[in-house]
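In order of appearance the chains are A, B, C and D, and numbering begins at 1 in each one.
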Amino acid sequence: MNKGRLEAFSDGVLAIVITIMVLELRTPEGSTWEALREVAPTFLTYLLSFVYVGIYWNNHHHMLQLADRVDGVVLWANLHLLFWLSLFPFTTGWMDETGFDPVPTAVYGIDLLLAAVAYWLLQASLVRRQGHDGPLAQAVGGDWKGKASPVLYLLGIAASFWEPYVGVALYVAVALVWLVPDRRVERFVAEHQDAGSPVSDPDA
Amino acid sequence: MNKGRLEAFSDGVLAIVITIMVLELRTPEGSTWEALREVAPTFLTYLLSFVYVGIYWNNHHHMLQLADRVDGVVLWANLHLLFWLSLFPFTTGWMDETGFDPVPTAVYGIDLLLAAVAYWLLQASLVRRQGHDGPLAQAVGGDWKGKASPVLYLLGIAASFWEPYVGVALYVAVALVWLVPDRRVERFVAEHQDAGSPVSDPDA
Amino acid sequence: MNKGRLEAFSDGVLAIVITIMVLELRTPEGSTWEALREVAPTFLTYLLSFVYVGIYWNNHHHMLQLADRVDGVVLWANLHLLFWLSLFPFTTGWMDETGFDPVPTAVYGIDLLLAAVAYWLLQASLVRRQGHDGPLAQAVGGDWKGKASPVLYLLGIAASFWEPYVGVALYVAVALVWLVPDRRVERFVAEHQDAGSPVSDPDA
Amino acid sequence: MNKGRLEAFSDGVLAIVITIMVLELRTPEGSTWEALREVAPTFLTYLLSFVYVGIYWNNHHHMLQLADRVDGVVLWANLHLLFWLSLFPFTTGWMDETGFDPVPTAVYGIDLLLAAVAYWLLQASLVRRQGHDGPLAQAVGGDWKGKASPVLYLLGIAASFWEPYVGVALYVAVALVWLVPDRRVERFVAEHQDAGSPVSDPDA
């Protein structure tokens, strides 16, 4: 099966998730800098979730580059990932509205954790199709980021019950780790391709 | 006519339908697990409708793989399907807000039924173009799922007036039946294609 | 310039316009058929606007089939069309909430009229590029529908001040005229193409 | 890396940003022309922001035409641009709801300024890949519009504290300057291409 529509549908869902979160950003009450400053936490939470959706979009983009074809299992693994990402506006909104109370901050981390697990399952479903010596398996390699993230999320979730800001700090830390784009795929593509023959781009 | 834009437009509408339903998920009142548990029914209804939109997207994807070209009748049959799917946020919201009262639960089932009928009409309009010995007609075959679903929806609608939870259970049952991806198309493609020559993918 | 992104962007905007109108469909107050019947006018207005956006999408699809390339003028003519279409949720909502009062019903018609004018301008900008003996100019031909619609809209707008339901009836009438897909383009494509050589589809 | 998904994702986000701003357009209270006139400022602010998103979409479209491939830096430069554009509904809403008070009008200009800076960074990241004698660097040339805009935004921001309507007038002026589509790219493409050989269009 063609992967084009899977990419298009995922792009659509992620574009909407990343954009409707801005609807949480209520306009300040008043016309002053003071009023604007009061929405600063909401703004920063929006920024964090925007960056997370951006990271998922980037990594999704990279991973699908190395996938050739998709099957029904991959389609559902992808929808499963989109499900947890689609809850970001909800978990972001709750954490923000309660002013970073313990439970909502932990729930935000649980959503991050489940999205990470879903991403890992999607990757596994793609690797399974290619075999463990396929391009994706080789490019992913040790995947220390993918292994470290769930541990950090779990620490963040636990920390939220003690001091929510430590939890948030851990979530931010994971985002920063991932902000560096996944060079493995780019390197793999660069190594396994004649530099002189750019891959033909149908949209060029 | 090219089917590319029909797919792109459908992807867009389905991506929005699947995502705006999350706007129904109001943030809990309070910061406790108890407060979160109170939105659990809404969460489960969201999950059910998410899965239904996912099923339609998957099956749409599969069906269009076997369609070659589209005409005006197909375009309107597709818009007709999108219409009933676009009402999912409305029927989901009503059923959820009333706590699964009989009429809203029946109306939810009626929307599911009408979407199923619209899907069947779209399939028929595509088969009509290809002839009954075309690839789609062959791949669809007996279509027992497509025939059983409306019957189960009707049972669910009727049951809603007696005991809404039985109605919902039937809707869930149909979703589970469809969750298994439609292997018919995959099998058909696999059989009628040289395994050694992957279909060229313009996005690869 | 490539027309692919113009199509993709238009598909995105139309998909969102057609879908967010459903947010106007508030869930009924109560769990009865009676409560549902009270939202029937909103439902029918939603249906009318859904059909209108569907018509524009269909005709846009057909027209762009015959366009080869686009320039800056075409891009802005297209955005101009999308602007008036993006106001459909607003004009639909106002007409509906006021229970079809004269001014809101007239304003709904004015929006329809301006969208029709914008569509005509877009068509003119595409014809201008191809010359008046180009494929689009030939396919469009006499364009009696395109000429009759603005007259009917004007009649509907005028009638709204006397009896809004007559205005709405005229808007519905224009929609029904357009529901028949634009066979001109299909006929033109069919005539100017070897029936035996299907146009290659990059998404197939 | 392929630029197709970057374009598709950007189209999706921009389509949503341009469309959800219409949700700010509350239906007038009452059924009179008078009631409609009261939402005129909101309408004009919507128009201004619609035009701005349209400008960015047009220029983005043109710029990406001259880009061949993209890397991780380009992806994040693009997300950075989308971030500031995604705040348009927020800054537009605040400016409008406060009736063009000084601080909200300045904040609207700051958002415009940051989007312009982000666009410039995206352009720089693309030029960097191609080298300063690449097609994009040549097509962009002196880029007087890109240099003049931030200056005008800064003037507009400063003016907002003195007389907000002067600030808005300056923002409108920049929009008008950009409304003229960027001929540099079109000219460059026309000059460096055999007029007789249209670029093959995979969606044609």
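We adopt the following convention: contacts are C-beta pairs under 8 Å (C-beta built on N, C-alpha and C of every residue); 3 or more make two chains touch, one makes a residue touch a chain.
Just so you know, these numbers come straight off a predicted model, no measurement behind them.
Chemist: Quote the value, from 0 to 180 degrees and to the nearest 5, of the angle by which the CA atoms of chain A must be rotated to coincide with those of chain B.
Modeler: Rotating chain A by 90 degrees superposes it on chain B.
Chemist: Chain D and chain C are one sequence twice: same or different residues at the contact, by the over-half rule?
Modeler: different
Chemist: Between chain A and chain D, what's the gap in Å when you average each chain's C-alpha atoms?
Modeler: 26
Chemist: Got the chain B residues that touch at least 2 other chains?
Modeler: Counting only residues that touch two or more other chains, chain B contributes 2, 4-5, 7-8, 12, 15-16, 20, 23, 199, 202-203.
Chemist: Touching residues of chain D toward chain C in the complex: what are they?
Modeler: 7-8, 11-12, 14-16, 18-20, 22-23, 25, 27-28, 30-33, 36, 47, 50, 54, 57-58, 61-62, 65, 179-183, 186, 189, 198-199, 201-204
Chemist: Looking at the complex, which residues from chain A come into contact with chain B?
Modeler: Residues of chain A touching chain B: 1-9, 12-13, 15-17, 20, 23, 68-69, 71-73, 75-76, 79, 82-83, 86-87, 89-90, 93-94, 97-98, 101-104, 107, 202.
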